[in-house]
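Lettered A, B, C and D in written order, each chain numbered from 1.
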Amino acid sequence: MRFAPTPDQLELAGAVRELLTDACPPEVVRTAWGPEGDKARTTLWRQLADLGLLGAMVPEDDGGLGLTEVDLVPLFVEVGRAAVPLPVAETVAVLAPLLAAHGSPELGPLVAGDLVGTAELAGSGILPWAGCSDRALVRSGAELRLVDLTGVDLEPVTTVDGSRAAARIPSVAGASLTADPAETERAWLRGALAAAAQLVGLAHRQLDLAVAHTRERKQFGVPVGSQQAVKHLLANVLLDLRFCVPVVQRAAVSLAAGAPEARAHVAAAKAMTSDMAGRTARSTIQAHGAIGYTVEYDLHLYVKRSWALAASWGNVAHHRAVVADSLGLPPAVDPSALPWEATR
Amino acid sequence: MDLTWSPAEEAFRAEARAWLEANVPRGLPSGDTREGFAAHLEWERKLFADRWAVVSWPERYGGRDASLWEWLIFEEEYYRAGAPQRVTQNGIFLLAPTVFEFGTPEQQDEILPKMAAAEQLWGQGWSEPGAGSDLAAISSRADKIDGGWRINGQKTWTTRGAFCTHLFGLFRTDPEASRHAGLTYLLVPLDTPGVTVRGFGRLDGDEGFAEVFFDDVVVPDSAVLGGVGQGWSVAMATTGSERGLTLRSPGRFLAAAERLRALAVERAGSLSASARDGVVDAHLRAEAYQLFTLAQVTDLVEGRKAGAESSLNKLYWSELDIALHETALQLLGPDAEVDGPWSRGHMFSLSGPIYAGTNEIQRSIVAERLLGLPRK
Amino acid sequence: MRFAPTPDQLELAGAVRELLTDACPPEVVRTAWGPEGDKARTTLWRQLADLGLLGAMVPEDDGGLGLTEVDLVPLFVEVGRAAVPLPVAETVAVLAPLLAAHGSPELGPLVAGDLVGTAELAGSGILPWAGCSDRALVRSGAELRLVDLTGVDLEPVTTVDGSRAAARIPSVAGASLTADPAETERAWLRGALAAAAQLVGLAHRQLDLAVAHTRERKQFGVPVGSQQAVKHLLANVLLDLRFCVPVVQRAAVSLAAGAPEARAHVAAAKAMTSDMAGRTARSTIQAHGAIGYTVEYDLHLYVKRSWALAASWGNVAHHRAVVADSLGLPPAVDPSALPWEATR
Amino acid sequence: MDLTWSPAEEAFRAEARAWLEANVPRGLPSGDTREGFAAHLEWERKLFADRWAVVSWPERYGGRDASLWEWLIFEEEYYRAGAPQRVTQNGIFLLAPTVFEFGTPEQQDEILPKMAAAEQLWGQGWSEPGAGSDLAAISSRADKIDGGWRINGQKTWTTRGAFCTHLFGLFRTDPEASRHAGLTYLLVPLDTPGVTVRGFGRLDGDEGFAEVFFDDVVVPDSAVLGGVGQGWSVAMATTGSERGLTLRSPGRFLAAAERLRALAVERAGSLSASARDGVVDAHLRAEAYQLFTLAQVTDLVEGRKAGAESSLNKLYWSELDIALHETALQLLGPDAEVDGPWSRGHMFSLSGPIYAGTNEIQRSIVAERLLGLPRK
């Protein structure tokens, strides 16, 4: 038993954090919202590739880092903290390991940063990051297919988080990658896990902004953050957040071990982090007051990404239902009959 | 206890419903963009033309002398018909009651008809960069000059300020007096030389706010509403106005709860248990808010003042609005991140606990004034 | 439209409040917990009868006050505020009007205060107030039966609120009063409405105690109630409570008018007040600190009655489900399948 | 990251489980009544006899020198087996760590074995009528006399005080020093002349609390733990003890969540959607608390201190405990008002946010020490 990241894991996460502090400050996320975003995105993608991050889960023999889901959690916390406006999770956690497993020739350029890959398995019909991606992993039933987006005419979809560059999933068949339900499930769980880890990082960032703001901002002659109501609001955010972290870590451990509990453990992680994300956004906006409610201030960049990720890869209702199943809970009954009308 | 409407009130409702069904514009863009605002103005002018813009005002200002009950009925029908939030609301609901109470006859005749007709569009100039919740910290100043006042300073968070023609606000006219004292309520045309307005984006991206800069802006003595140095009490008196126009309409939340119900029926295939509970709660709370308002209006009509009770309203509707929209996003599943009425409504709802006095301040008011807990 | 109690209603409620302030202070409620309770209860019951309260819903021709459910709400708020340790609601709102409707000879002695009557329609198997009652209205299917408890050997049930004098429902058949489902439903809805109104009064009392305590109690050199956290806690209690009141009133109006919405409106009232009761108890105990957690202080008398009433006459889950039905909501689905496993 | 137990740990678990299955008493009455307490003492003495009373203590005091991991395993098995909460816990979990850290060898040898054997039963004497959350307001005093101290004053909220034999507490030994200064940690046998103990009822009606009155009570110099005037820092140091014995056992909440799950299965016919969600949440949160603790123990084992983090634990388990029991009451429907393990557990859970520093104080600690928000 040693339930803490290893020094190696911390070191790698530290390197990613350092890179992203420089390479993905709020201005870069903000730029991704506008038409000027493409260049910044390309540069950033290349930098992530240079760090080896894009091949993190690709075996070393295939030119990757050979890491597991457990190693990935601290990395995706950093990706979340910086709100990287690129499909890092989709490429690193979902697409690249699948391509590697199937010996796809697309793997090399993807890991090298020459291609950007996104993925959508929920069946929402909306492909995030479509506008900045070259390849897309989509699902048809339990089959996963790889679509080449080059030259495809995309129908953009406006999303709350303007950096998502979303579009309707194009009606291009693509090439079948796998139809193995176990492999599809694993890809789905990896996507959900990566989303959960990002939600942790995004919440950290929102909380840091709120703490910095309320320490400085004065009203009634004192810092806003010295008011008990604000203190307790933000203490609750930290509480919420800190208890999500080990649940996300456990999900990674189970998934990496191929444990049968992985499905329930990932569901626990995604359910808790998605719930937490909603509360964190609301509380940190509230702690900021009016400035938290503008697009000129940075907070919204992180808030909106967290809303997007909370709704993606299964929302709270789905993942809580998965946990309920794993507990063997009977279905809920609808107790609307008056006592003598009971229909049991 | 009587929860029935009189035949006259039912007739009023029928007339309003028929007119709204025939006239409410469909698919209006957001009123917080420049193009959208223009479309909304057109709607406001249509409302005015048929005397639906300010139903509770005297006929001479374009109203119908409607009772508070009729006003509530109109609001219910207005939102039920899917009509948009009023871009004129800061004038009609915040400034107008003050003008009715404190304005000179000249000010009333000058301001109210143009406001009703949406010819003058009023923005609120209360907050400043250093004075948000702590409104008494206002530092924008108006210095006395011959025949008027010279204004210097900055206001911010002026809703739809970039599209307004006029601003009402509090300014420090006695720099020696501190905090609440020495403030004066002034009315400022935004085309006065020296005024600069800069719009900026709300959470939903629309240019819904503005900063307003004052650089030696000169206004006449007639710009003072309610007396020099009386600004604080004039501004505060509005919140308890017996005309009740500052009540937040239950109609808006009833309509939203009904749209949520329809969404749940439409998305029956993904109606989770917690979302279903959320729909029920939204409905219960919207009705509770309506009933609470009916009781308040009864009190107002019978001469019992509301006072600090309005803090309860603010807390209730703002939290209801957020919960209602969070349930909608749950129902939408992966579609929740798509830009649309629900996601926009959700973002808008998050401003509820912040503007017009944060909910933290409202809770302290409730505790101190309604429960009698010690200030410190 | 005039949504406020009439002067007559306020006057009657004022009289009941005055009586109960004298006749049912906390000591009387406390005494009802112990073996000494019987005498105090009998005296109190007689005082309520003298005021005419026991026949409040009995037609004037039958010796009652001829009041409606609407008049009853302010009365039961007062009964709740005082936590009267007697089946006032069961007798006044449920049993007496039924006996009157069926011309029962038991009505006279009940209204005169010579008999105490209780009722249980939920089918829980537990009869509240059994130990201090002479008659009990119980249900068998949709049929309501009147049981004479005289000389019946009761099997007591210990409840959290020790004043409830509960027992297992005795296996005595009793006499049939009605088998009309509409009449049974109306009796049930009246019981639920009376419980909701009492919950409002009970919450008021808890809040008053908390406000009085936190104004006086000093810690860190200032009154506890001057702390923002305590202020906001209690402000939320008032908020919760105040928005329940008109919902309870509307339920009474609908029930008195025999409106088809009565079922949903009573459900709204009982759901909201039961939910509110839980939050109020928790918050007022918390505001008191340790003293709120003892039986030597009065708070617990009111807290425990409110827990009992929240669970009786249908709990939150039941009444919320009734409202859901009235809204035509489809049944909930269990979204536990992964997207490609969907079974719709 | 490693979430597996070593073979030795698994063997320890198996041994504990087997012993507990064979020995845990069934249907024990509440330990907070006089009769119940006697039955609990018997259980405590059986635990001690087979060296399960204080597994993490050194063998010479009756322990097994168990690691923190083994302690967690034992606690998990203890609650899983349905064993009762420990009536000795205030001694074992609150006083003992302090004695290990600050006691003289003589104090350790005198106190610890008898505490482990449940021969000495320790109650906590911190709160006073005027000093609850504000512990530094303690006014009970101990005046220096030749060879010892003379105590006068009153303590209250001493858990199970009416059944205890000894009390540890903070007393003011320097009346000139204010607030945190001038307090001394003293150990007082309750059979000392001048001590009066009066038990009183908790919310569940059991005599779970006591007031303790001191009327010229004389104790020797050896009653001082950790130095005269050092009481505050001695008392506070305990909460961060590296021995981790003050951690709140996740085992208790895991067991409660599992009992709740079983209740939901048993009452499937009345499992409403919100109660079902509540069962899931209780399970998620109990596991989160367990996992958080595993991470904390990893930190402790590797020499990273916890500090103010313990406020997070307190907030989390106390709120989880309430929510879990509220869900149980929902599941029980009309049976919720019947006296039983769930209704008693519910009442007990409501004390969680109050004792050992209210949750309001814990939130302020989190905000100030972990987030760095300004004190005032």
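For the reader, a short list of remarks on this structure follows.
Heads up, the rule we're going with is that a contact is a pair of C-beta atoms (placed from the backbone, for glycine too) under 8 Å apart; a residue touches a chain by one contact, two chains touch by 3 or more.
Nothing here was measured: the structure is a model prediction, and the numbers come from that model.
Looking at A-B alongside B-C, one finds more C-beta pairs in contact between the chains of B-C.
With chains reduced to the mean position of their C-alpha atoms, the one farthest from subunit A is C. Measuring from the averaged C-alpha position of subunit A to that of subunit B gives a distance of 37 Å. Averaging C-alpha coordinates per chain places the centre of subunit B 39 Å away from that of subunit C.
Chain centres here are Cα averages; for subunit B and subunit D they lie 52 Å apart.
Once the centre of each chain is set as its mean CA position, subunit A and subunit C turn out to be 49 Å apart.
Shared interface positions of subunit A, defined as residues touching 2 or more other chains, are 122, 227-230, 232, 317-318, 320-321, 324, 331-332, 334-335. Shown for subunit D are the residues that touch two or more other chains, namely 270, 272-277, 360, 363.
In the complex of the two chains, the subunit A residues touching subunit B come out as 122, 124, 126, 157-162, 164, 166, 218-221, 227, 229-230, 278, 281-282, 285-286, 289-290, 292-296, 300, 303, 307-308, 310-312, 315-318, 320-321, 332. Against subunit A, the residues of subunit C that register as touching in their complex are 121-123, 139, 141-142, 181, 184-185, 188, 227-229, 232, 314, 317-318, 321-322, 324-325, 331-332, 334-336, 338-341. Considering their complex, residues 1-6, 9, 69, 261, 264-265, 268-273, 275-277, 279-281, 283-285, 287-289, 291-292, 294-295, 297-299, 302, 312, 315-316, 360, 362-364, 366-368, 370-376 of subunit D touch subunit A.
Here subunit A touches subunit D in the complex through residues 1-6, 9, 70, 207, 211, 214-215, 222-223, 225-226, 228, 230-232, 234-236, 238-239, 242-247, 249-250, 252-253, 268, 271-272, 320, 323-324, 327-335, 344, going by the rule given at the top.
Within the complex formed with subunit C, the subunit D residues making contact are 127, 130-134, 137, 156-157, 200-203, 205, 209, 270, 272-275, 322, 326, 329-330, 332-339, 343, 347, 350-351, 353-355, 358-360, 363.
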